[in-house]
Structure formats: structure tokens, C-alpha cells
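Next come two complexes, and both contain chain A; in the first it sits with chain B, in the second with chain C.
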Partner chain A sequence: MAGSALRRLMAEYKQLTLNPPEGIIAGPINEENFFEWEALITGPEGTCFEGGVFPAKLIFPPDYPLSPPKMQFTCEMFHPNIYADGRVCISILHAPGDDPMGYESSAERWSPVQSVEKILLSVVSMLAEPNDESGANVDAAKMWRENRDEFNKIAERIVRRTLGIPT
Partner chain B sequence: MGDEFESDTVVASGNQDELIMQQQRQIEREISESTALVGDLEPIASLNNEYSNDVVYLEKIKDLASKYKYMRRTRPDGNCFFRAFTYAKLERLLDNKIDFANFYKIVEGSKHALVELGFPQFTVEDFYDTFIDVLKRLGDIKTATDAKKELHTLFNEQGYSDYMVVYLRLLTSGQLQRDQDFYSCFIEGERTVADFCHQEVEPMYKESDHIHIMAACAAMNTGVRVVYMDRGTSKINIEHDLPEGTQPSVHLLYRPGHYDILYL
Partner chain C sequence: MPSRNISELYELKRYPQNTLGLFTFIVYLPFGIILLLLRLILGIQVFVFGFLLPDVPAIQRILCKLLCATLGIKMCVENLDKKENVSVYVSNYVSPFDHLVIRSVSGSVTPGKDMFNSLLTTSLGLRNFGSSLANFSIFKKNIQSTITENVVPIHFQPEFKQTNGKTVLKFKTWPFEICNRVQPICVEIARPFLDIKVSTFDSAYWTDTLAYLFSPCTNYKIRFLPVVERMNLSETEFAEKVREEIAHALKVELSEHSASDLMEWEKRIMEDVVRREMEARQRPNTTAGLNSNPTIHRMACQVKEVLPMVPYNTICMDLMKTRNVDQTITNILEGNVTYVPESPSHTTPSAQSSSNVIISPSTSKDQRFKGDSLSTAAPSFGKSAQDRTLSFQERKKQLIETARQRYIEKHGLNIVGSS
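Moving on to the complex of A and B:
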């Protein structure tokens, strides 16, 4: 089984290298182990995360792509759909039926024809448009709803940190 | 300080949900893994053990045994329809070289059709390759008896077995999307056929309904008879041929939530 997962991950890596989606770089941290990837995601333009370069880790299960990977940002993040420890909580990372967050039934779910690229694109949309209904970080969700200026300030500070600019 | 405490509890409760889910999964897995992916032939009467004090079911098992000789159990992991259907279809095809060759051609053309529907090639490829690989291996074996043994072996190897299931799920999804005008009236609520496919057909472990069976039959150009055995008070099991009016080549036993294979 791990053989098939490896073959698929290599194909996805190749695909991402040949046709990288805008603002996203991803690949295995070490080519000896294709089950752990690092991704760099640039904050979408016109949003409070614009200009930031956010590193994240993706861990793939041995039965990938039957089951989805897990994704965790490794930099500081403050966002309604990201846990305080950086874990990303969006519907495409879950199979239908796994509903810790009560996702909308129309939301995109994991299946074997999804891909790393689809996940990363969903994460970019998530950065642009947080879903404050499914709060992985309730404080961030509340601030996003009620005090957008303050939220933007925190986002800006995080952006500067990812670039190594003093805050 | 107050804020810090709050955010800690939030994280904890998030983890809690996930832990519960993980545990649930673990329990389900343990139950389901006690059954082989596809079991050996058993006489119909082997069902009696499960219902020894149940008059309704015992009557129905009697009825079933008057029509069918054997059954083959499949693992109850949500993939049972797809696994049972593919296994039974291939097993049947091994008795007839011409039918087998025709089926091979259908499958050979199917990847292109899926890519045309918008499935990304690199996500479909591995499942298609496995399906074709299994067909080739079976086709290369001289006698039907030996080929059926190989089929049984391959379907009990998780890697092969699950990839066969995924590919049939994709073919079923493709069929639904191609004929979406027809299938859309069977989908409740606001969902489009494509949404339904992404949520109920393509993901592993999602159980199958009538609509999955209809589309899978159309995709595999196969008729199936489903024998429904439930707590209804009639002494006879209700049978349903899909598509209606066709000569079924695959026979499945349905008990609420689960499909097994039947043999005349």
C-alpha cells in the first residue's frame, strides 16, 4: 500500500513542480521521505495576509490518497480555521461524515481524486475568506467578526514576522 | 491570563473531538477487520447462526436457501457494495473469455472518458492502472478455476482490493455525471449531481444507495439482482433487478446497511 502512496506522491510532486499554482511551493522536506512535505504559501493579495510567506508541514498517511494528509502551519498564525498549534481545520482535509466542526454539507471533502494542490488552493481561499462558523480558534473567529481592525493588525504583525521584518 | 485560559480550552476541545473521532474509527476498524475483505463460499444456512432466535429472519433464510446455494461475505466497511459487485462481476466474467475480452475493452476506454469529464489524469491513473493490471493478470491465467483463485487472493490484498473499489467508485461517479439529467431527480435536497458524487460516491467508506447501484450497473454494463432481507413481515425476500427488466449476472444479498454476494 505504501508503494502506491509513494507513487502517487511522486506524481503529485512532479505535477506541482511542472505547473506550480501561483503563490504556492510544496514538496518533500527530504527526498528520502515522501510522506512529509513542507509548503510555502503566500498570503493572498488584497487580504490582511498579503505579502506573508507562511510555512506549513503536510504529513501523509500510509494509505494516502484513500485518506487525507494532515496539515499544520509551522509559523505563528492567528486565524479562525487554524488551531493555536498551527493545525489547519478545513473541510477538504476530512472525509464526509467526519464532522468535528459541523462543516456545511456542500463543503468540499476529501476523496482519492483530490490532491495536495487542491488542499493548498483551499488553504489560500481560507486565508482570504475565513469561515467563522467553524472556529478552530474561537478567539480569532470572534475578533474577525467583531473587531476587524484589531484582527488586521495581528495579521500584519504575523506577516512581518514571516518575512523577518521587525514588528 | 483569562484569554490564555480560554484559548487553551478551545484547543483542548478541538483535540477532544478529534480523539473521539479517532476512537470511533478504531472501534469500527476492529469490528470490520474481523471479517475478510471477501470471504470464502458458505452455504446460505450459515446465516442461521446470526439469527438463531429470530423467527422473521429464519423464515427468510429458508426462502433465500430455496433460491440460492451459497453466499460470500464481504467486509462491512462502507465499501461492501462496490467490492462485492466488482468481485462478483469479474468472477462471472472468468467463465466466458469473450465476455471478459469485451469487458476489458470497456475498462480500457474508461480512463479517457473520466479525464474528459474533468477528473485530473494523475489522480485517476493509479486506480485505472491497478484495475487493468488485475484484469491482465486474470486474463493471462489458463483455467477459470485458477483465475478465480487469483481473483480471491487479489481481492483480499488491501492494496489491490481498495484500488479496485476506488476505480469502480470513479466509474460510478463518471456515469452519474454523464447522465446527470436522469440521475438528478433521485438526489434529495439542493445538491447537484457533481456535489453528490464528490461527497457520497468518490470518497472511500461511504455507503451505497440505490442510485449508486444503478449508475455502477450502467458503467459496468451489468444487470444485478438485489435480494432484500429485513424485518418486514412477509416470509419472502423482496428481489429487485437493476436496471429493471435485465437478466442479472450478479446477485447480491442486502441486509440493512450491508451487501454480500449470492450464488445460484
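Moving on to the complex of A and C:
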């Protein structure tokens, strides 16, 4: 079980090392534990998160790829689909059947043909287009709907913080 | 998410997977087989008795003990003095023979199917109250009248689904509608010396039974907990209170899942397996020769687990050359093998298109060395863990630095360089 999880993770690591999508990098923090990864995601252009490089951590279950990994941003984040503690709430991180946020069944779910790369790309599009119906962070969802300027300001501050630029 | 994944509530492999466990298992194997045969002979005799002897309480008790002995069940009741004569006992559900064990310590019966004849059914601790599926109201009424008339105590396992004991599932509440006073019982199960799991994800009743016969012994630890009264709680609150008591005594967490969640999960996994088998059968005949080679087939399955979108034939072809799982994975990832990615029928179109992207060899080799691009590709994948980690750290730093420079340029900030 763990053997095939390891092999698959190694294959994905290799794939992501040689052919990563632009602005994304991911790999195990320490190869002694291949089930804990770190990822950096660049905020998509033309959005309020443009230019930021957001660190996150991915925790894989021993039966990966049958079950999805868990993902959590390790920097400060303010986004409708990210909990205050950084946990990411998107459909691809949930297997069909468990439906904590009441997603529609049509949304893309975890299955073994998905991959770390797909998750990270989904997170990039989530940064670009928040889904304000699933409110992991209710305050952020409300601000996104009602006070976009203020939201953009907060996002800008977070972007600067991730780059180590004084705000 | 706070609670355990559903998959953690199952054992996936029955036999020990580590080297020491495996070694013990192999050493034990001949003894196990002899034990299994002896117990089978004993079991057959018990069954013959079960059909010949009259159905009276004394015989039921003897047969119950004999059945435990046959299955190698050793019971250890921690606090028999705490046992009270209530009409309903409630326990967690960790093995297919919980009812037999509870029967022998408390004399109760568990609602269930008929086994062979009435004497054997009762000795196993079961009683047929009618079919819960066909007519639930009659089933419930039968149980209710047994409780009110106090003929025999009833034992419920309101989880209604066996787990590996790492959690207590959500209770079904109907048993709590028909009783006011229950004594919770904790059941813990262990197999000393040899860690053979009681049940696995896809095991059947008879394979579980064989595992009982084969194992040196199966220890049940039973603990009676203080009686819980309904008072004026609703049945949901009453059920939850009992569940908390049991989980607390077992020192495990309360699960958010219920039996039906587990059933759905199983169904999904089984569908997956069936789909794979169907795909395997639909493969053209040209691979008949490949399929007949079990080694290649086994290795191909391993590769397929890692790279589900590569066609089976392609994997076999490459394995014929390499005879090595890792080498074939490398060949596929490096683009030395050409293939048309296959996508399972149930994925959405967007997933299909991107699964091509994931696995197709890179076309962006020349982008790699552009300093100002945000590409994080490495020129090669290091051979040692140390090389890879170094390169990973290096590229992370590079990405942040490039992003920072870009940001500064774009916003015309007056900050020079970086730390």
C-alpha cells in the first residue's frame, strides 16, 4: 500500500521537477518523509493575488492516490475558500461521497487520476476566481462580494508580505 | 479535516506487512494449518451436536462455550461485578463474532439472521426477529415486545457496521426508541503473537472465520460500563450519550461517519475495481501473450497504479524490454514511450485534457533557462535524495527572488536587490 503511494509520489515529484507549470514548485520537504510536501504557488496574473508567492504544505495519506492529500497554506491568507488556519477548501481535495461543504455533485472531485499538479492548478484558479458559495472564510467571502476594493487591499498586503517587501 | 478518513476505519491487508511480522507468520504457518484442521474437526462435531441435541438452555450454554473454543476465542471480562440485569446491552462492533462473545458473558441475543437451526442460532447469540429490510415495523415490534416482556436481554450494535475499532461510528437511533435503560459494553479485540487482522476491507464471512481458526487465539476484552438511563432525553441524545460513554471508555474518537457513509465508500471503491477489470477484459487479443505472463501482468498493475492514464498494453510492451517497474515508470515519464493517454469514462472533459498535460513530455525545454521566467523546472532529476532536496531548495529561492524582482519592477518600487 505505502509502496505504491511512495512510487506514485516519486513519479509526481519527478514530473513536477522536470515539467512544472509556470510559477509552481512542489516537492517533499525532506525525503525521509515523502508524505509531507511543500509547495509554492504564484498568484495568477490579472488578479488581486498577482505576483505573490504563497507557501503551502501538502499532507498525503498512506493510501494515496486512493484518498486525496490535505493542503494548508503556511502564510497568512485571506480568501473565501481558505480557512483562517490556511486549510484549503476545494472540491478536488474531497473524494466523491464526502461533502462537508455541500458542493454540487458536478464539481470535480478527487480520484486517482488526479494529481498534485492538478490540485495546484485548481488552487491557482481558485485564487483567481473565489467560489463565494462555499464560505470557508465567511468574512473574506462577504468582503469579496460587497467591498472588493478593501479585499484587493488586503490581498495586496499579503502578496507583499510573501515577497518580503515592506507594506 | 478533524476526523479520520473512512479508509482508516478498514484494514487493507489481513497479514502482517513488516519483515518481522512476515517472518513470524511464515514460521507459524505449519502450526496454523494444523490448528486450523483440528479446529475444523472440532467445529464439525459441534455442528453435529447442534443438530442432534435438544434446544434447552443448558445445552445452549455448553454449545456457546464450545463454539468459542472452536474459534479460539479467549474472553477476559474486566468487571463482571458491574454487570447489571438490564434488558438491553449496547456495544461497539469490531468483529463478526461479537454476538457470540456478548452472549456468553451476558446471556443476551443480538437481532440477526437464522444460522442453521434454532439451537445453533441461539448458541451463537443470535435471534431472528424477522427481516429488517422486508418489514421494518414488524421487526422493531418483535424486538420491542421481547424487551417489554423481558424474555431475554437484547444486545444491539447500533453502529450496524463493523470497523477496526479505531473509532465509534454514528449510532442508528431506532434501538434507542424502544428502550429506556441500557448498559453499554466495550469490546476490544487483539490477536497476540501474530497480528492477523479480524476482517479486511473486502473480506467475506467465511474468510474471517478461517482466520479465527488459523490464529493462535483471539482475545476479547469486555468491559461493562455504568447503566445509562434515558431520563427525558430524545432518542438521538440518548444514543449519542451511550456512544460517548463507549468511545470514552475505549479512548477512541467519535466518528462523523455513519454505517451508510461506509457502505457508499465501499461501493465506490468496488466500482473502481470492477471498472478496471472490465477495461482489462476489453483489451485486444494481441496482448493475450502478455497477459498470460503473470510477472509482467503484476508489474504492469504496479505501474498502472502509479500512472493510471497510461494504457496497459503500452506498459506491458515496455516492461517486456525493461523487466523493471521503476525503469518503465522512468521511461514513460521521460517521454521515451509514446502512447495515447486513456481516461476513465467518468472524468469530466476538463480532467481529461489536463491529464494529457500532466503526463506528456515537456515541450518547454528552452524556457527552462530563461532567468526572468517563472518556470521552476530543473534540468534533471537528481539521482540522490540530497541532490534533489538541494535543487528543490535552490529553485524555491529562485522562484521567490524572480517574483520579487518582477513585482518591484512592475510597481516601480525603490528597493534594491534582496537580502
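Here is the rule we go by: the second predicted complex is superposed on the first by the 167 of 167 C-alpha atoms of A that agree within 3 Å, B and C clash if a C-alpha of one lies under 4 Å from a C-alpha of the other, contacts with A are read in each partner's own complex, and residues count from 1 in each chain.
Throughout what follows, contacts are C-beta pairs under 8 Å (C-beta built on N, C-alpha and C of every residue); 3 or more make two chains touch, one makes a residue touch a chain.
Values in this document were obtained by computation on a predicted structure and should not be read as measured data.
*Asks:* Assess the superposed three-chain arrangement around chain A: do chain B and chain C clash, or do they fit?
*Replies:* clash
*Asks:* Regarding the shared-chain residue A:33, is it in contact with chain B (first), chain C (second), both, or neither?
*Replies:* The answer is neither, since A:33 touches no partner chain.
*Asks:* Does the superposition put A:85 against chain B (first), chain C (second), both, or neither?
*Replies:* first
*Asks:* For A:22, select first, second, both or neither according to whether it touches chain B, chain C, the two together, or no partner.
*Replies:* A:22 contacts chain C only, not chain B.
*Asks:* For A:147, select first, second, both or neither according to whether it touches chain B, chain C, the two together, or no partner.
*Replies:* In the superposed model, A:147 contacts neither chain B nor chain C.
*Asks:* So, A:4: does it touch chain B (first), chain C (second), both, or neither?
*Replies:* So A:4 meets both chain B and chain C here.
*Asks:* After lining up the shared chain so the two structures overlap, which partner does A:110 touch, if you call chain B first and chain C second: first, second, both or neither?
*Replies:* First partner only, chain B.
*Asks:* Of the two partners chain B and chain C, which one touches more residues belonging to chain A?
*Replies:* The larger set of chain A residues in touch belongs to C.
*Asks:* Have a look at where A:139 lands relative to chain B and chain C in the superposition and call it first, second, both or neither.
*Replies:* first
*Asks:* Among 1-9, 19-27 or 235-243, which stretch of chain B shows C-alpha clashes with chain C in the combined arrangement?
*Replies:* It is 19-27; the other listed stretches have no clashes.
*Asks:* For chain A, which residues lie in the overlap of the chain B contacts and the chain C contacts?
*Replies:* 1, 4, 7-8, 11, 15, 63, 65-67, 95-98, 100, 106, 108, 111-115
*Asks:* Could you list, by residue number, the parts of chain A that touch chain C in their complex?
*Replies:* Residues 1, 4, 7-8, 11, 13-15, 17-20, 22-25, 27-28, 30-32, 38, 40, 42, 51-53, 61, 63, 65-67, 70, 95-98, 100, 106, 108, 111-115, 117-118, 121, 159-160, 162-166 of chain A touch chain C in their complex.
*Asks:* Would you pull the chain A residues touching chain B in the complex into a rising list?
*Replies:* Result: residues 1, 3-4, 7-8, 11-12, 15, 63, 65-67, 83-85, 89, 95-98, 100-101, 105-106, 108-115, 135-139 of chain A touch chain B.
*Asks:* Can you check the complex and tell me which residues of chain C touch chain A?
*Replies:* Per the stated touch rule, the residues are 1, 5-8, 12-13, 17, 261, 264-265, 268-269, 272, 302, 305-309, 325-326, 329-330, 333-334, 343-344, 346-348, 350-351, 354-355, 358-359, 361-362, 364, 373-378, 380-381, 385, 388-389, 391-392, 395-396, 399-400, 403-404, 406-408, 410, 413, 415, 418-419.
*Asks:* Give every residue of chain B touching chain A within the complex, in rising order.
*Replies:* Those residues of chain B that touch chain A are 3, 6-8, 10-11, 14, 17-18, 21, 119-120, 122-127, 130, 158-159, 162-163, 166, 170, 190-191, 195, 198-200, 202-206.
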